[in-house]
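Below is one structure, written out as structure tokens; comments come after it.
Chain IDs A, B, C, D and E follow the sequence of writing; residue 1 opens each chain.
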Amino acid sequence: MFIGKIVGSLVSTQKVDAMKGQKILVIEPFRLTEERTGLKTTGRTLVAVDTVGAGENEYVLVVQGSSARGTPETKTLPVDATIIGIVDSIVVGKQKVNF
Amino acid sequence: MFIGKIVGSLVSTQKVDAMKGQKILVIEPFRLTEERTGLKTTGRTLVAVDTVGAGENEYVLVVQGSSARGTPETKTLPVDATIIGIVDSIVVGKQKVNF
Amino acid sequence: MFIGKIVGSLVSTQKVDAMKGQKILVIEPFRLTEERTGLKTTGRTLVAVDTVGAGENEYVLVVQGSSARGTPETKTLPVDATIIGIVDSIVVGKQKVNF
Amino acid sequence: MFIGKIVGSLVSTQKVDAMKGQKILVIEPFRLTEERTGLKTTGRTLVAVDTVGAGENEYVLVVQGSSARGTPETKTLPVDATIIGIVDSIVVGKQKVNF
Amino acid sequence: MFIGKIVGSLVSTQKVDAMKGQKILVIEPFRLTEERTGLKTTGRTLVAVDTVGAGENEYVLVVQGSSARGTPETKTLPVDATIIGIVDSIVVGKQKVNF
């Protein structure tokens, strides 16, 4: 899994039937800074579906690959990335990471 | 999933039987610019099949891996990338991304 | 899938039984040039099995992941990359790409 | 699989039900130094679940993809990375690697 | 698949039961040089299990992903990379690659 930030959403009218009604979110994967005291973007852009009601600017936990279909909400969807949690905090060496 | 632009198509006469009649498209994955106000190419080139009738120069949503076989049209194909939607718009911070 | 060039072959005497008799090819993934008028190597090297009778210096279509087992010839092989077609031509903006 | 170092942990209150009670760890993949006498971080950040009771600052063996669900503890979880062992030592050319 | 060199081995006492007794090897993926006359390391480090009795400093063929479970020896293991052959030679343009 990776830590991502929801930076936006994507509208697609013409899409496969299974995806109708799905909220499609634009995610940037983040990583720890070199000092491991904060998070920084990787600059990449991915698209994921949401199962936990996450919103823009929230940091989330994203699962990829076949396990993206491993939730009740996504098991029949043609998706390879699913948000499975909202990140409350990250702790490194007993210190909370800033984000 | 990722956001890609259809930049061309690929002709293959000699191919596995299951792929006969499939439209095979050449895709460049795109990502948000650093300001998140536009899209730019990643410079990579991938090949995908289409399930939604997308055409050259359109921005599309592409699923990879085993989920590329997760649509009625692709479930028996040996494919690892499938176009599952045409991107109408991307919204970041209530602003439409330019593309 | 990706576009690759067959640059060589690999000989392995000591290998898993399922791979006996398989032609094992060395592939370089290629991508479009920035002008999208030609192809250039990515510099990476992958190994794939062949299902279509492709030969050295040919450009081929390669599928990866679990779908590499999605052809009649490869369904019982422990492979993660399979050649599923020979590339005749690539067309970008009605122009044939040079390769 | 890859060698990773556990650098922290992640708290997520709002998450898919299957993940309740799971210890979610933040991992940095490491690689051998050029001399192959030590380990150095790749700078990337991944998130994994644990099956072996590993703790912060330990070096661990991490499996990715569908095999991350290949342990008794993870077989029903929507995860794509699982810690399957604690690394005691790495030996290159009869010398122990420093870490 | 990719061509890798076995550079070492990894000892893990505390690991998932299924991995007990498995030989765990440290691999560096290699690629062709630009002239395609030799091999050079990619600098990356991966970990794989062995099914063919390969030893340190040998060049091997490694399969990744779900197909890493596609051999009799690995079908119940939580692994994502398996050595499926020892590389005897690589031929590019009728010339043997040096390694």
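Just so it is clear, contacts are C-beta pairs under 8 Å (C-beta built on N, C-alpha and C of every residue); 3 or more make two chains touch, one makes a residue touch a chain.
If you're wondering where the values come from, they're calculated on a predicted model, not measured in any experiment.
Steps from chain C to chain E, minimised over paths through touching chains, total 1.
Between the Cα centres of chain A and chain C there is a gap of 32 Å. The mean-CA centres of chain A and chain B are about 20 angstrom from one another, to the nearest whole unit.
Looking at chain B, one finds that residues 64-66, 68 touch two or more other chains. Order of chains round the ring, from chain C towards chain E, by the touch criterion defined above: C, E, D, A, B.
By the touch criterion stated above, chain B contacts chain A in their complex at residues 1-3, 30-32, 34, 36, 51-54, 61, 63-68, 70-71, 82, 84-93, 97. Contact residues of chain A toward chain B in the complex are 7-16, 18-19, 24, 26, 28, 43-48, 56, 64-66, 68-69, 76-81.
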